[in-house]
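There are two complexes below, and they share subunit A, which is joined by subunit B in the first and by subunit C in the second.
Our next item is the complex of A and B:
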């Protein structure tokens, strides 16, 4: 799924250029290899995200970080878009906010998110985003699709009803743990995260049982067994540290 | 401040939202001086009144009786509030939506009922469930705003008492309640 980044160019021979541009009418400066999202965060400009996680590669899957760029009719995802000199970026226009709400509402309709009985209630990024974006109801008809729960692993459980297809699990398993147990099958909203060759998680031969996928999952889709309603809080402080340590070893994981 | 007429109704829900409504404690007494509760599980009125200023609707629309009632509520209320997650998302009642009605009834009233030896006739029912006396379940439990236009949404399972009080206070004062930050799905 992931393209490994090309070998890093020597920065002493090819110093990265500094760019100046505008985010929400504020003058900002950034290196050319920094994303709009990263620059915005450095300047305390808040752009909501769901699939982004510090320490993992960018995926651009959720589209919640879309921003407007003056002169372009398209809305661009801030996490995978790089700035250009004199670009004018708007992160909070009515149009952008309206689309973000729609995206979030569609995410709620595509699976069965029942916050009140979810293990991640109160610790869920999807739930928090609904509060943040002021989504108090969903304007699209709920689909109520039928999805399975796989509890075959001895310590963990996956409930596809709560999956938002952010693919953090796939990325952390590949990029940090190096096992690549998780992957994705299918197309569009019928996609599904799978372990190994779409087999029960408990029968996976590659899974090391490290649990990083569980900790990075933004919702209650991946959970530890034995947790009841609202008990599954996630712990992901380890991620930037692990990424740094893996990078120090060199090899294909180096960023 | 003029008194407003208030109705509350409970469709496919657990009454938890009504419990939260009562949980306002002594603030409920202040509120009682400002509203006339015309229709509610809390008062003894069997027929929905011809006109109500504000109706709080708890629960999803899940059977033919709910469908009939929700239309009456919309017609006879000035403001309809979707009261709690079941009314807004179908929430727990909606968890049956993935399965056909027959399978749901089979599971709830036959497979999970008392073991055969404890039943009066000693035999599990073969002909399934009859709907002669209770409303027919719809194929799916749906949020109320999929059936009628809704004026305000009060998420939460249940919505916290202070959020309910805030909503009613704002309506009483003739303002538009801004529910942002007061509650959330799942509460």
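Our next item is the complex of A and C:
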């Protein structure tokens, strides 16, 4: 089998060098290879995220963690941006919060997120984000796409109507479980997560049935069978341990 | 086989004397445009007729690259008399051969004294339409690979970078990043394995500059890449071409095998210690793969999706090694710069944009085709002098530059010089060089909707604003063109454009609203007429009732 060259550590970031900068007018200190998001979390500054999950590689795709830098109009995703000395980060300006709300609303219009009948109701990160950001209505028209439900697996079920394409399932399956059963096909609005070259999940020969994908899924897209409305709560305590066991520390640059 | 300069000159001499041995030469355009209207058959018929008449040693038929005036194809050029023929049919062949010694066939002559031919300055396309792209000898006869020889044997990498920096060349892919600066960063990047990529994933609707260069003069791009490799310390190159350009791919592969046979790529090029390998990689037809990080992912065999930058490819690119990505046209400029010096190149163009730019002129304009003009030429000159104006006496309305990432420029800016900065000032971009002219019959809302449809279907789906936002914008524009939109939706449109522009991950998303934003800025009345008066000022859109 062809071996991929090992992932290189970013040479421009020195993990032993410290720097100080400001988040929301608070002085904070960080290693050079820590992201703005992780430094903010250490200091109890909340930046909303969706595609980010501790223990998985960063994607920078949901754009909910965008922050402002004083003196620049450009918005930066906190999960993949490394701080620089004397940078002044603003995480909660009106502009940024407005953008976050709109992005979240776009997510709600994209597929059929109907909380009241969802198994993850009350345990859903998308729902929680909406509450936190104060999204009380969606200004854009709903698109109501038609999506399938794949219940062919004996223990789990995927409902594409609830999927936000964060690809946590793809990453956890590839990076932690090492099976790479999940992947994504199509592009744009027609993107869809698939198992084994778009075969029914139940027939997958690579799936080990570990269920990590189900536990990391932020919404009710991936669920355990037998759960009724609002019963599907997720357990993610395993991730930091697995990450530690496999020696995947911060600083390795991922796709 | 390794060559030295004497060998090169010898090849050039033989080739030239061969050419001069013929009293008459007929060049048949065999680029994709003319080929599709039957120029291949014409070349065959010409060759057959010449053989039948026993004139083989007197008249030479050559298949060449793009002659420029694609709208009037198939095109023929007679370099011995300097005349051009347009719209040639197979039945015209005997007549053309009959007239070789006399006056040209009047009804086929394409006037060559027009501004279309006279106003152009050809650097990138200097060999287009003059040489057979399938023979390396013809390229060598036109000083081909002399720049490479000079670079490898007489110049240090630093000197080459100085020349490129001094020329003021900027990236021709659209953003206009200074090429010399990029090369300098690449030369300084750490690592023994470095890659150079030629970006030939030309996806803008209506743009065909890169295709023409690759089809008409592939060796020029190869030469540019080897020089770039030597200057920046890279030993491996990839040419990324979209699979929709089969002719360009075929000629490129042929050119690569010829260059390899002659020792222009491979080990010990020109008896120096420098070695360089070059391969062609095909794109599977995704517009987003023109974005450099998505392009890298595609070459690596992964899905063509961009990733956040930094780190930039020059530090962290293909298989995590330093990688430099240059556009086809940028690389095609390198050999002439080395051969003729940076001062010569810097003397062309405007203060901040040097050299020439190739544009694909399309839309409602008389002379559709490929043109190369110095930077700083005004839009009016391009559309009315070179382009020949609007057909059937139509009224000029706007010109769209830069493809789906660009904008629509209205009449009031017609006298603006075309360079990177002026275009950016009016909300558009240079882009790769597509230029679509629109007359009074085009509805600008509909135009914006067309480009948004393109962005929507080409969005990779990675980041939320671009994936869902483009769809929402497209829906609203559809409602406006159908005269069913309200002012609330109009406000939402502007709002969404702002959101996508500021929060998207890659250049595709960030620039996707540009066609909407520029039309909103310059043609707001058309939007409002659709909403308030429920009518299309251009008469192009159907009302909802009519559609149903």
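As a working rule, the second predicted complex is superposed on the first by the 232 of 255 C-alpha atoms of A that agree within 3 Å, B and C clash if a C-alpha of one lies under 4 Å from a C-alpha of the other, contacts with A are read in each partner's own complex, and residues count from 1 in each chain.
Heads up, the rule we're going with is that a contact is a pair of C-beta atoms (placed from the backbone, for glycine too) under 8 Å apart; a residue touches a chain by one contact, two chains touch by 3 or more.
Here the structure is a predicted model, which means the values were calculated and not measured.
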item	value
First (subunit B), second (subunit C), both or neither touched by A:165	second
Subunit B versus subunit C as contact partner of A:60, first or second or both or neither	second
Touching partner for A:94 - first (subunit B), second (subunit C), both, neither	neither
Of subunit B and subunit C, the chain that contacts the larger number of subunit A residues	C
Which superposed partner A:141 touches (first subunit B, second subunit C, both, neither)	both
Where subunit A meets both subunit C and subunit B, residue numbers	141
Interface residues, subunit C side, partner subunit A - complex	190, 286, 288, 297, 302-303, 307-308, 311, 315-316, 319-320, 456-465, 467-472, 475, 492, 495-496, 499, 502-505
In the complex with subunit B, residue positions of subunit A that touch it	108, 112-118, 121-122, 127-128, 130-131, 134, 136-138, 141-142, 144-146
For the subunit B and subunit A complex, residues of the former touching the latter	82, 85, 88-92, 94-95, 97-99, 140, 142-143, 145-146, 150, 153-155, 157, 179-181, 184-187
Residues of subunit A touching subunit C in the complex	5, 7-8, 10-12, 59-63, 66, 75, 77, 80-81, 99, 102-103, 106-107, 109-110, 139-141, 143, 164-165, 184, 186-191, 253, 255
